[in-house]
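Following this message is one structure expressed as structure tokens.
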Amino acid sequence: MPNIVEEFNDYRERMNDKILSDNNKVIKRIFNLDTNAYLEGALDIKTKELLGLVASAVLRCDDCVKYHLETSYREGLTKEEVVEALSIATLVGGTIVIPHLRRAYEFWDALEQQG
Amino acid sequence: MPNIVEEFNDYRERMNDKILSDNNKVIKRIFNLDTNAYLEGALDIKTKELLGLVASAVLRCDDCVKYHLETSYREGLTKEEVVEALSIATLVGGTIVIPHLRRAYEFWDALEQQG
Amino acid sequence: MPNIVEEFNDYRERMNDKILSDNNKVIKRIFNLDTNAYLEGALDIKTKELLGLVASAVLRCDDCVKYHLETSYREGLTKEEVVEALSIATLVGGTIVIPHLRRAYEFWDALEQQG
Amino acid sequence: MPNIVEEFNDYRERMNDKILSDNNKVIKRIFNLDTNAYLEGALDIKTKELLGLVASAVLRCDDCVKYHLETSYREGLTKEEVVEALSIATLVGGTIVIPHLRRAYEFWDALEQQG
Amino acid sequence: MPNIVEEFNDYRERMNDKILSDNNKVIKRIFNLDTNAYLEGALDIKTKELLGLVASAVLRCDDCVKYHLETSYREGLTKEEVVEALSIATLVGGTIVIPHLRRAYEFWDALEQQG
Amino acid sequence: MPNIVEEFNDYRERMNDKILSDNNKVIKRIFNLDTNAYLEGALDIKTKELLGLVASAVLRCDDCVKYHLETSYREGLTKEEVVEALSIATLVGGTIVIPHLRRAYEFWDALEQQG
């Protein structure tokens, strides 16, 4: 059975390497900012991960949702906290968010099974 | 050959069950509303299904399009009516709707073959 | 007191004239299609107006909503029918549609007052 | 000088009253959910307000941003926390979020001046 | 008569100053990138301005469209070139782009009158 | 190994044939415009392809991105030019564009390998 967490991470890492080795300065700096923006600041890391998750969910970016689900999981956020964040995303973004909610649940399950 | 209608419905049902068993009140009520909103009212069911279909198409949500295509099919809407609704979606939403139009045609064909 | 219906129509007409006098073929044809797509076909005009309204509402285009509200009003659609269509838009598109719902109510009121 | 906070709240309240007095069940329930979703749960109210703010900002809904800025302000969130949340929104949503950032700063200033 | 070009630039400059004086690093770097991305590179400045214009138009960000219209005007792009770029935006993004096209024409006229 | 360029083109062509054989006038004319809009005019074909690419990327339409990548490749645009256009798309559209950037790189590689 394919492991959707590994599949996602492998493809993501492989393509990110290609993109970054290309040396386009604008893209490299955006990647850099993407790391910095989620570091501890006035807000703690957990809150920032949830902000990234909700932004990704209402913009309906499955890969971005997966990424923030994994980081949320690694940071120790509970399923209940994550689902509550996603419930706000579904309310603000409407029922078109629901298919992404299905895939988010599937990915969270895979994260829990993989541990 | 995989049946795209069954595949879609199986996954949808399985994940909806997971989501609803989780007992997040906001999400459960949105699912509830999603049933109520398409019931007969000032507008008949067929019109409402087409409204749901066009909203889904311009927002480019393939799964939502599939869901409303299937309900439209079960409610007896003709292909000509459905395509006319999708033509408005393509005009309002632009050529980025076309890839979703392709998948909508494929799904409608599968609905007709399955009967 | 400014009449928001007249203001909208005056600006729209004046700028459309400018755009069309510019003779860009692609734009002119899109304007043309925009008239043809809402003519009677497999679906009647009222249904098509509601489809245009819902597409505009979920894509959160106030001017497009106003245009379809006015045409819906002229075609004899009732407020109840229009609101029911907008309720589907709000459910599918989420609470971010609500500010547009407010402005839609205001515009419909202005249409009724103007008659 | 017009007070942009009062203007916003007056219009919002007046039109919400109109919408709710219309008794469309789907819309009323969405308004209801919109209150419930931000109540204390697994996540505290401050975090939820920031989630609503970021969702609104990336979806570029000025009125929704204003609403959550005001609630964030009333709940005691600091400007630094709010700006950090908006910085994530700008990164995730891109430079098209910047015009909304300008208006968010203006509204926050008005909130501080009004106290 | 209000000058829409000056009004836009004044507000934009005043609020950008506020935002940048706030010293949020992520936001400051995004502003920085926004300057660098449009500098001469593999593509010339005119082409990049048109890319920024079309991206802004399909994402329906009036302020971003105005900004790129002004830069395009200063860089010597002709109205015909700009309109052709906007025609692609209208086709790809659909008729919901039309209201933004109206405001783009109005702003371009103001740029020409101001010289 | 599946060839993602051929797979994409085969499906696209097959479904486009189905759609066009259906004779919905609005859809047929939109398809027609989609060809005309990218012909040489005030802007040359290469510039127009990049405009189509950036519009597709910020609207996050993978199939549209693939189509314009292939046409850009056939028209002789270099990888550096294409990446520079995509860097603007990523800045304007935000980090949610990154997953589409990954798939764009993968598709461009396939185009180069196929020749």
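A, B, C, D, E and F label the chains in the order they appear, each numbered from 1.
Note that in this section a contact is a pair of C-beta atoms (placed from the backbone, for glycine too) under 8 Å apart; a residue touches a chain by one contact, two chains touch by 3 or more.
Predicted model, so just to flag it, every value in this text is computed and none were measured.
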### Query
Going by the stated contact rule, which chains contact subunit C and subunit F alike?
A, B, D, E
#### Entry: Same or different residue numbers at the subunit D/subunit F copy interface, by half rule
same
### Task
Decide which interface, A-C or B-F, involves more C-beta pairs in contact, and give its chain pair.
B-F
### Query
In whole angstrom, what separates the CA-based centres of subunit E and subunit F?
23
### Task
List the centre-to-centre spacing of subunit A and subunit B in whole Å, with centres computed as mean CA coordinates.
26
### Message
For subunit C, give me the residues that contact two or more of the other chains.
### Response
26, 30, 33-34, 37, 55-56, 58-59, 64, 83-84, 87-88, 90-93, 95-96
### Task
Quick one: label the inter-chain contact graph as line, ring, star, complete or other.
complete
### Of subunit C, residues touching subunit F in the complex
25-26, 29-30, 33, 36-37
### Query
For subunit C, which residues are in contact with subunit D within the complex?
60, 83-84, 86-88, 90-91, 95-96, 98-99, 101-103, 105-106, 109
### Query
Which bits of subunit D are touching subunit C when the two form their complex?
11-12, 15-16, 18-19, 22, 24, 26-27, 30-31, 34, 55-56, 59, 61-64
### Query
In the complex formed with subunit A, which residues of subunit D make contact?
30, 33-34, 37-38, 41-43, 47-48, 50-52, 54-56, 58-59, 64, 78, 80-81, 83-85, 87-89, 91-93
### Message
Using the touch definition from the top, list the residues of subunit A that touch subunit C in their complex.
### Response
58, 90-97
